[in-house]
Every structure is written in structure tokens, then in C-alpha cells.
Amino acid sequence: MSVENNNEWNPKIIVIACNWCTYAAADLAGLNHYEYPADIRIIRVPCSGRMDPLFMLRAFNRGADGVLLSGCHPGDCHYGTGNYYNRRRQMMMKRLMQFVGLEPERYQTSWISGAEGSKFAETMHKLVEDVTALGPNRKLRDER
Amino acid sequence: MKILNKSKLEEVLNRLGENADVYVPMSKGLQSGFYPWKSLEGGKDELMLDALNVYQPPKSVVFPQTERMYSLYQEGKGLKIEETYENDEPRVIFGARACDIKGIICMDEVFLTGGYEESFYKARRESTTIVANACYEPGPSCFCAAMGVDPLNPEGADVIIRDTGDAYIWEALTEKGEALSSTIKDLLEEKELSVPEAKPFIQQVDYDGVAEKLKGMFEHPIWDRTSEACLNCGICTYICPSCYCFDIQVKMYGHEGYRFRCWDSCMYEEYTREAGGGNPRPTGRERFRNRFLHKLEFFTERYGHPLCTGCGRCIVVCPAGINITSIISEAKEADLDA
Amino acid sequence: MVAAAQHPNIELITYAEVQKVAGYIGNFTVTVKKKAKYVDWDLCTGCGTCIEKCPSKKIKDEFELGMGSRTAIHKLFPQAVPGKPYIDAEHCTKLTKGKCGVCEKICPTDAIRFDDQDEYVDIDVGAIVMATGYDLFDWTEAYGEYGYGKYPDVIDSLQFERLSSSGGPTGGAIRRPSDGKEPKCVAFIKCVGSRDDTKGKSYCSRACCMYTAKHAYQVKTKIEDSEAYVFYMDVRTAGKNYEEFYQRSLDAGAKYIRGRVSKIYQRGDKLVLKTEDTLLGMPMEVEVDLVVLATAMVPAEGAKELAKTIGFSTDKDGFYQEAHPKLQPVETFAAGVYLAGTCQGPKDIPDTVAQASASAAKVLGLLTRDEYATDPMTSEVDPGKCSGCGFCVPICPYKAISLVDIEERGAEGPFTRQVAQVNASLCQGCGACLPACRTSALDLKGFTDEQLVAEVDALCL
Amino acid sequence: MNDFTQQIQDIASRLLDNGQVDVFIAWHKGQQDFQVQPYFARSADEAQNIIFNDYSIHNLSNSLLKFRDSKEKIGIVVKGCDSRGIIRLLEDNQIQRERLYIVGICCPGMKDPLQAMRDELGFNHKPESTELAAKCNDCIQPNPVIYDELLGTEQSPRVQDRFARVKEIEAMSADERYQFFEETISRCIRCYACREVCVACDCRTCIFDEMRPQWVGRENNTTDNLMYHIVKASHMAGRCIECGECERVCPVNIPLMLLNQKVIKDVNELFGPYEAGMQYVEGQKPPFSMYEESDPDDFL
Amino acid sequence: MHDDHKCNCEQPLVPGIVEVIDIKEETPDIKSFYVKNIDGQGVPFNVLPGQCAMISTPVGEGMFSCTWQEEQEWLQFAIKRVGLMTDDLHRIEVGQQLGIRGPYGNHFPIEESKGKDMLFIAGGIGLAPLRSFIKYCFKHREDYGKIQIIYGSRSYADLCFKDELFDLWPKEKDTEVFVTIDRPEEGWDGEVNFVPTYLEKLNPDPANKMAVTCGPPVMIKFVIQALEKMGYSDEQIITTLEMRMKCGIGKCGRCNIGSQYICLDGPVYNMVQLRQLPPEW
């Protein structure tokens, strides 16, 4: 594996967050001074329903080491049902990605409500830990 | 007469491989094509010099499916091209059939004549030496002779080898060929062998006058019927030794990136789609017609011979059973007033 | 309600059900089922003769919550608008067995119509206000310690409302259901089903503190020498003059005991409550004649289904979800649909009226405009790319997407085909439809594929 | 087989003659016996060219897409798997049932003409000589699920464990799996034949031709290829009717069905039981256009 | 063809770099870009009227007719915003560097037209290529006879090069400019008509004339029909074609009509030549 294997390496982690919950939780985490790792790069979308698996694929293709998609708990979708559709899609996608050899830790999903600032911080810590343990990702990564 | 004993073949290929990338007909699992000799894995892969032909022609040695052209670097309002990627590392195509070499000749005409010498192709082409494997036993789908190709004396070859059973007759034709031969001088023997006898073609194809006749058949109803089964999948174009359509694309990572070219196919809808959505070839019928007219008429008009070399590959791969020889004969028989 | 019924611009449709809502803001079509009444209300004067004469008299009166009876031809409740009767087909012997027909014979205006049918009408409206209210939490399913409803003298507070109402089954005299005796000692238990994560609902039903104070006060003032115990967790009196009212109840002698009743059982004709006074930290037992449970408010039966029909969402408890808890408390996510009252969450009458007035004002604001500006963040279909598969259609929670016919020019002349179309005034911009579309014919303004991919790319550098 | 030929010819002539259909889609013989081709007969005379033999393997339902914008009435012959393709098209709102006259054939299993080509025409070193085409060995539905007329006698499914290959891969480690797909999928020449031949690929414009954004790069390398295959498989989720055509036509033998069957297996396990294209219910949409509150999840 | 007017670089597919020295908004969706070598000295190549160049940004490449060249000063391109790459171009500012390669294709028959009266008929962005010929005629005014220009677009706002149309060109010697828009609009008291109809109405005499036309494909089709009706011979009708181009040097195979490559053999054709091609344009 020809990847940057120096100590400088920090994982590149993309979090796709629903505006109404996880994104708010990130805000709250900030407000409440829960620290979370700086390696997290958040993309805000209006609803988990908007989380096209293609964004996840794109992120890996462009060099992400981990991707987390996070939305409102089932039943709590701001728009009613977006997270249910997304859940189906992600369940299928996660298995498919594992099938082609991606480690499950690199592609995770979670429910974090707007009130769960601490859960947000914890999840991010865990995510960074998981991905750091695996090292840089090369699978699906574009040969630039 | 120089002779290469088959027992020395491996040694020859190894030797040639010391100075160049050597591409040989090889089977890899269910695949066959011209693959680097170095990539041969014993037990799994197999050299296929004695087979009629392999699935993938050697076209990609000189015209790879994707080829980086140049880097792009953007800084503020500045734009820089720091590197271009012409590749002139020496390479050898070993054991290609006449039809496939003719395909390369077609590409030479396209890329190196007509006012512009395309530098990426040129670099690869000039650094390539071709060892042809003369063909004495045409297969059931072969019709190269009908397309003006001589299977016994392949045009464009730097060296020709002729299979006599246990040994090949080795004949260097060009300077490049001589140079190549000199590197393996010690492995060649001097011996007289009789040239094998050529078997007749199984497939009878009559292309005579077809190019001319097709000129008046642009709007002939045969295109409606012949194109009907075609899926416009483009396999035929990708597997054809002479199809050369390409697209230029770019990949940018922030401010840096590169432009590359990759094969394209006239069978695809978006190939001719114009900005604004118009398309001079909107349906499969027009695209099908273009492919066959390009092969059989337009190219002949421009370069004096057809763009089909009679290798028969497209017949073998077409999932819809489209057969270019049937199209030739249908065109031949077509009633121009229909 | 009477005032509303008499307003020239208000058409009140009672004894009816909403079947379907189609369309979008400014252009809704509401399909209403007007149930067969078997009485021609145009002719009926509401004299009530028929109600008196109807021989089927022993029907449990739903309005009285089982504490009274009624006839087959009857008014739903005393103040029903219009004040005219209808025949309850299920219990009318003429309609069920073909016999009787007394009412028909005696009606002075010949208003009885035994051949009446359900009627469906389509009503075009520009906006919809939801005011479907609440039901009470079914405590008998959850609270075994209170006897699962097997003690007749454990009632809920709505039943108590009827008992203390002058129009109620007892004419306003508080009597206990089991033997009709006047209870001397009444216990009120608050937060039954409210603020109870394990058995009921986590939320506070908000009205109970005040109506229980009212009920306790009623006991103390209507029944001589009575005792009123109120078992509570907190007393919440946030509202103008509420605290003062609570004090009045205390002054009248209501005994407030902080503690949750852990068990009720029958002893003779009394009910025994076991509890603990948590302020004193003392276990206690109280013997009473009647127990009134202040049960939680829950969304009206069928409210969730109705929300689905119309196309907006409900919260985790089934109350209607407002578009924003602070900034858009009377709007739903479905444009043109507004909320009033307890359908949105527990509240009392003043709050209900306030919200209803706000909704009315929103509607007026909407309907007086000729053009409606929508949120720019909506989904769009590129008809050229859309194949009309319709996969996106069921996904939209607001029913913003429909398949429409378009005309296209093909190689062989024009043809029509179906493509999806997003109604921008309905779309709320969630983007859930996008991943359903394989060709990415849909895009969401503000969150386009191109923008998000650019964002991914940039963040991955 | 000859039997079927005669019967189909008769039906086609009848339908074309009495104007019940404008075109009848079946097969005819190409240059070689095994070079069978889809055929579009437009008159009773032409119907005499129709044949049905061991090599009539093509899923003709895909060619209905050519007619989706016209009004012509179409007769079509379908085998079991092909008939599921018709349901795919109905469910995807691409063709109207009224326009179709469907002749179903209880399929005895087919041979692969492309395999035969390679073997017979000298492009394979060692001929494969299989009895049935690979895809027919995995057939769960040899009998048509939708038809107006049925030929032949019911056949039983031939499959042992159609997910055997999937399970084999699942048993590997993540890195082994990646290596496996890297090796196989880097071969892909991105001709998109697997897309063109697929009846479930019925989009008007394909996301792989999309430029804004360009979702999947056009380079012919492992990652772009993998992206292509993952996206394709995910677009097939709940929609692939397992006709196996994609894998059959692939000129470089990419195991496309492995990915498709993986998804089929998962959709079945997670949201099933569900088999795409088994019956047509009007208004029915595939699994990713719906949900159950009780769907399983492993979200954190 | 002069060799100076043909791309003869070593690496024909690798662009050179130029800098945008000025940008002018012609219409809401057309901008003119003036480019020059990055050292500020002159132009990367010289073009003849009708020739094109491939301009690139990091997003993509596109073929554009050079709408005018000020000798050794700058090249001008009028570019309409239609897609990915042109969107990108419309975002740039003065000072931006771009890739350019060319010149490509043949040119308008400047020699053959000498001594003739000229009729230019254009629609929309189609004026961009014709303008190079028009300005060439003005520059060599004595070589050409009477000049008539018929130009139309959807609306007043969509008319390109307004100052020239209404101000400069009509003042040129022996020159007439006729402008039309498709639909009536407030403040426009000129002609309202489609270009082919307007052409028929003006009915310019074919005697000793060259008619040069460019515009959307349907317009070209009807203009040609109209010209034929008015008695123009095939030799007198000249047009310039747009087919999708990628390489510009006759390799990629895209822009063929029959055996012709528009990028090499075109884009300028007269009707005699066009009639020999399959009707795919």
C-alpha cells in the first residue's frame, strides 16, 4: 500500500449531517464545549433523505478515510419520513461496500438528535478512533 | 533463413523484455488479449501464439484506453501546464496477426497524417516494434483478405514470424526489425524450412464496389432493419483493432489536475450530443449507420481502404448477433431504388 | 360554535368526515363524506318530539361517556350545532329491522328520510386549518394499580366534567356512577398518563392542574361537608390568574398531597388509595367515595391518518408537527395547512383560542394575496432526463410530486410521455426524492448535486 | 425446440395478419446456427423467419424500450426470466400492458451464443463447451410470470444455491475481497454493454453520461471502474430481475451478477422476502421507494 | 491555406496559455473575451475569418470561432453560455489565463469573394463567426462591393455587438444593416420577424453576390431555402457548420459528416460541397 505512512497523517473524515438534528447537535456540542476532533469535515444537507449514497462514494473516491452519515432518530424526521428511506438505502449500501472490501468502520451511520450534543462529540471521537486505527484508506481512492 | 525454435521462445521473450515492454497474445482466465509478457503467471495464464487470435487486439499498446495528456495547475488567475505525458518507452508487440497490425496502420493514418501528427500517439507508435505472426489458417469469422489485408505478409510488420510447427521462420523487414533481431541474434538459428501452406478462407466476403455503392445508400432502408437488433452497446468498437474514437476529459482535484483522453464510441448517444441538447445522430439507427458507413465507406473515401480489417472480432462479441459481413453482403445486394 | 355557524362566510359541516385532500396551497380540493342523517335538516325545526317518542331509549350515550343513555334518534350533544337530531342507524329498529318508524309518523314537518344516503362533496379551499383536538389517554389499558377500569367509581376527569355539568346526565349534581350516591370524599389523581415515561406519555398535558383545581373546588363548593384530595407531582399554574385560582381551591379546603398513588382497591363501597406523602416522607392510606383521574391528553383518534391523507407530519406522540416550534408554531410543513388547538399539543382553551386566532390570521394573510412566494429551496425535475418511473412520487411526504403528461418531439414526430413534476408550492425542500432517482433528473435548489459534490471534493482535498 | 419455432411463427403470423400487433419481437438465425439474433417481424411473411432454438437466450424485454415512445402494438416472446423484465418495465412505467401481446415459453434452459462464438470461431484457447449458459444454471424462474399465451410445459427451477458465489466472497476478509474485486473489475473496459443490455437500465439519460456533476470518472482504472460497478449495482437494488444478461454479454467476463446477487440477497434479508418482477400490481414500487418503520438498522 | 493559419505545434492537443485582457458583455448570455499572450506580447497565432480555436478552462475545452483578430494585438471570441465549460468561462475575470489551441479549420472564401457584393445573414450567436468576415471586408473595403447584413435574434437584449449593428456598421461605405427580432417588444420599432422571412421580404438581388449565413440549424435550413427561391446558386451560398468537436485536428472522429471532418475540412462550406455530403447537418 503506497500511502502516506508518516506520523503526520490525520484521517480525513466526511460527516454528512442532517440540518435539523446532527448538524444542530454539532452546534450544540460547540456551544457546550464538548470537544470533538478537528479531522471531521461536516457537510450539511436538509434531511437524511437527501443523503445520496453517491456522496459517500465520491468522498472515498476523492480520498476520504471515513464517512459518517447521520440523521434524526426514526420517527423524528423533520419531514416525517426521510430518515426511513435513507435507512433502507444505507443498510443496503453499507453491506455492498463491505462486500467489495471496505472496512465497515470506514462507512458508518448514526442517529443523533439536535439535543444530543454529547452524543455527537462521542460519536466523532469514536469515528476518528476507528478510522485512525485502520490507517489511511486506499480502497476506491482515485489514483491521482 | 533465420529460425526461432519454439523451445527458445520464452528465452527470446525474456531477452526482448530486458529492453522493452513486450506484449504477447495471452489468455488470463476467460480473458485473452495482448498482455505484458512479464505479467504471465504460470499455471494460470497461457501464451496464445498458436491460437487464431485473442479477444483484445493490441491496439491499446499504441493507443491505450485512457492516456494522460498533461497536467493542469491553477494558481489565482494563472494557469500552468507543467508536464505532458508522451510515453516513448520502447515496446514490442509480439505475435500480432495481419488484421490487427492493419488496425494499427489505420490508426497511423488517422493520427499521423492529415495535417497533424498527434504527439501522444506518435511517441508510443515510434517506440513500438511489431513482430507479426503470419496467418495460414483463417478462422470461420475471418475475412481480412476481402478487406485488402494479406494475412501471410502483414503490412506494417517490423518482423514476421511464420509458424512451421516446432519453429518459427524469423524475417526482419525493417530497420526496427533488424535492431530487434540483433538483440536475440544468438537465439536464432540458420536453417531452411518450408513455408506452411495457406488454407482457404471459410467466410466469403465480397467488398468490391461496396464503398462506392454505399455512397448512395445513406438513406437506404437497410439501415432500419439491420440496426434494429443493435443495442448500441459499443462493444464492437472497443474490441475493434481499428476503431479510434476518443474523448478528452479532465480530472481536477482542487487547483490541480490533469487532462486525459479515453476511448469513446460512435455508438453512444452522448458522443455527438451538442451543447443545448441537439444531436445529429439522435437514435441508434443513425449511430449504427455511422459506424458501418465509417468503416466501409467514409474511411475508404478518405484513406483509400476500409477501416475494417476483417478480423471478425465484432462478430464474435456482439450480443445482438450483428455481423459486419452480412451488412457488406446486404449492401452489395441492396436494391438502390428501394 | 353557534356564532361560527351563523357567520355568512362560514359553512359548518357537521356529522361528516374528511376523506381525501388533493391539491396544494391555494388550490386544495377536500373530499368530505357527509354521513347519512336520515333527517332532512332543511325541514327539521329541532323541536325534539321525535327524540322524546323514540322507543329505543337504552343506548349508551357516548357524549356522557357511558354515564347516561339516549335514543336512536338524537342530538350528538346538547349544544350540537345545528341543534337538530340524526338517526343512529346502528340502533334504529326501522333501519335495522324495518319496524317502528315512529319518528316518521310524528314528525310535524315530515323531515324523516329513511332512504338517506352518505353524500360525498368536493370542496375547493385555499387553506386548511387543522383543529381535530384531543382524546384522553386510555388509562384502563395501562394502569393496573388503578384497577384497569374495573371499579366503576374510578372515573376520568372528562366524566367528572359531565357529572358536574348542568346539562349532564345528573343535571349538575355530582353523583358517583356505581350507586348514584353523592360522594362525600373525592380523590383527584393528576398526571395519569402524563409525565410518565414508563406507562404513558413523557409530556405534561398542561390543562390538568387547572381543571383539577376547578374540579376540587366544585366538590368543595357543591357538596356539603365534602373532602377533596388532590394527589399531585407538581402544581403548574403558568398562566394569567391561574395561581390565584389554585389558591382559591386551597382556600376552599382542597387537600393537596404530593405523591403518586400506588394502588387503589375497593373496601366495601369505599375505595382505598395507597400512597405516600413525599413532602412528609410518610406512607398513607385514604378512603374515598370517588376517584377522578386527570388523564393525559392524546391526539384525537384518526388524527395521524388524517395528517397522512393531507400530507404533513406528526411528532413522536402523534400531535401535529408545527413547522418551527418558535417561529412557525401554527404552520405545518405542508404549505397552506395550519394548526389550532390541542391537535398540535396539549393546551387549554385560552391557548387554543389564541392559536386558532393566529391560524385564522395566517389564512387571511394568505388568501388576500394574489401571488404566493415559496421557499426557494425546492426540488425540480429536468423533464428531459426523467423517465417517468415514478419512484420519487411515493417518497415525498408532502405529495409534491406527480406524474404529468408532456409532449415531446421524437424522430417519428411528437409523442406524449409521462414525467415527474414537482409542485414548488408543496415541496418543502427535504430532498428525499433525489436519491430515489437513478438518473438524477431531480435536483434540489440550494443543495444541488453539483454543489454537494463540489463540497465533498473540496473537503477531501 | 422446433416445435416452439413453429408455434411462435403461427402465433406471430396470426397476430400480424389480423392486426393485433404491429411488430412481433422474437429471434431469427444469423450466419451461424448459434448466431441467433433478436428479430422484429412486421408481417406474416417475415414471421416465417422466426426461430426458437437453444441459443434464443437474449432477454427481448429490453428491446421494448425502443418502442416506449411509439404507439405500436407489440407481440413479444419471453422466457421465464425475460417475463420478469416485462414486469420491470411495467413497474417502471415504461410501457403499457395493453400494448403488449406476450407469448410465454416455459424455458428448458439456453445455451450461450457468445460462448459458442468464442469457442467455435477460434478466440478461445480451450473451448468451454458447457451444457447450459451460466445464467441458466442459476435460474429461479424458468416459467413466465406474465403472458397472454403460454407454450411448453412447466419447468422446475434449476438453481441449487444461487447465492453460493456471494457467500464465498462474504467469507473472505475485507482485504481479500477488495483484492478480488480490484483484480476482476480492473478488467472492465467500460463499454457499458452491461448497461445497454439490461432491461432495468431503462433511464432515458444515464447517470454515467451525466456531466453536472460527473459522478463517475471516465478513466479506465480500478477506482473509476469500481465506482461504476457499485453505482450500477445500487441502481439495480430491488430492481434487477436476474436475467443475467449483463454478465453474459460482458466481453471481459466481469462477474456482474455477483454484485447484483449480493444486493438481492441483502434486500431479501433486510426488507424481504422480495424478488423483483415476480408479479405486477398496479402502482407497485420497488423496495427503495418504500419503508417500514420496523426496518432493521444498525445505526449508532 | 497559409501555414501561419494552421496549428503547427509539436503537440497539437496540448494548449498554449493566453491571458484575458478584456471581457465585454454582449447580451445577457454572450460575452466577448479578448485574449493575448501571457507575456503581453501579441497573439499565439493568426487566424483568418471563419477559423476557430479550442479554448479551455480547467473544466473543459470548447471550440469557438474567432470573431475578430486585431493583428498582433488580440484575439476576440464571443461566447454564449450554454453548459459546463461556458458557464465556467462566464465566471472568469480579466487577467484570467486560459488554454488555447488552434487555429483550426478552413476559412471564409475571402479570395473568391473579392469584387463581389456581400450578403451576410446571421441569427443569434451565429453573428460571431460572420463578424470576422464582415470586419475583414470593411478592412479591405476596396476589394468588396456592396455589403448587406441581415441579423436577428430572439429579443433586443439578445442582439450581439449592438454598437456595431446600430452605430458603426451602418456608417461604413455602401453598407446596409437590417436587424430583426422574433417577437414585438416595448421600445423596439424595428422589424419583427424571423430571419428567413425577413430575408425573403428584403429580397436581395443575387447578381454578383456571395451570401454567407450562420445561425441555429433550423434558421440555416430556411435561409438556404429562401436564398434558393430568390435565385441564388449553390456556389453563392456559404455557411459555417457546428458539429460537436473534441480534438479539433481530425482525430477523435466526432465531427464527421460522411468522410468530411468539420474541424479539418470545414467548418465553412458552400452549398455545392454540402450537397455532396450525407444530410446529417
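Should a chain be cited, it is by its letter among A, B, C, D and E, assigned in written order, with residues numbered from 1 in that chain.
Operating definition for what follows: a residue touches a chain if its C-beta (ideal position, glycine included) is under 8 Å from a C-beta of that chain, and two chains touch if they have at least 3 such contacts.
These figures come from a predicted structure and were not determined experimentally.
Note on connectivity: the fewest steps through touching chains from chain A to chain D is 1. Across the two interfaces under comparison, A-B and B-E, the one joined by more C-beta contacts turns out to be B-E. Between chain A and chain C the centroid-to-centroid distance comes to 40 Å (mean Cα coordinates, whole Å). Distance between chain A and chain E, defined via averaged C-alpha coordinates, is recorded as 51 Å. For the pair chain B and chain C, the distance between C-alpha centroids works out to 75 Å. Residue positions of chain C with contacts to 2 or more other chains are 384, 395, 436, 449, 453, 457, 461.
In chain D, the residues that touch at least two other chains are 212, 215, 217, 221, 288.
Residue positions 83 of chain E are each in touch with at least two other chains. Within the complex formed with chain C, the chain A residues making contact are 12, 14, 41, 43, 45-47, 49-55, 58-59, 62-64, 75-82, 85-86, 89. Residue ranges of chain B in contact with chain C, taken from their complex: 253-254, 277, 282-283.
Here chain B touches chain A in the complex through residues 251, 253, going by the rule given at the top. On the chain D side of its complex with chain A, the touching residues are 166, 169-170, 174-182, 215, 217, 221-224, 226-227, 230-231, 233-234, 237, 259, 262-263, 266-267, 270-271, 287-288, 291-293, 295-300. Remark: chain C residues 312-314, 316, 321, 333, 377, 395, 397-398, 428-436, 444, 447, 449, 452-453, 455-457, 459-461 touch chain A in the complex.
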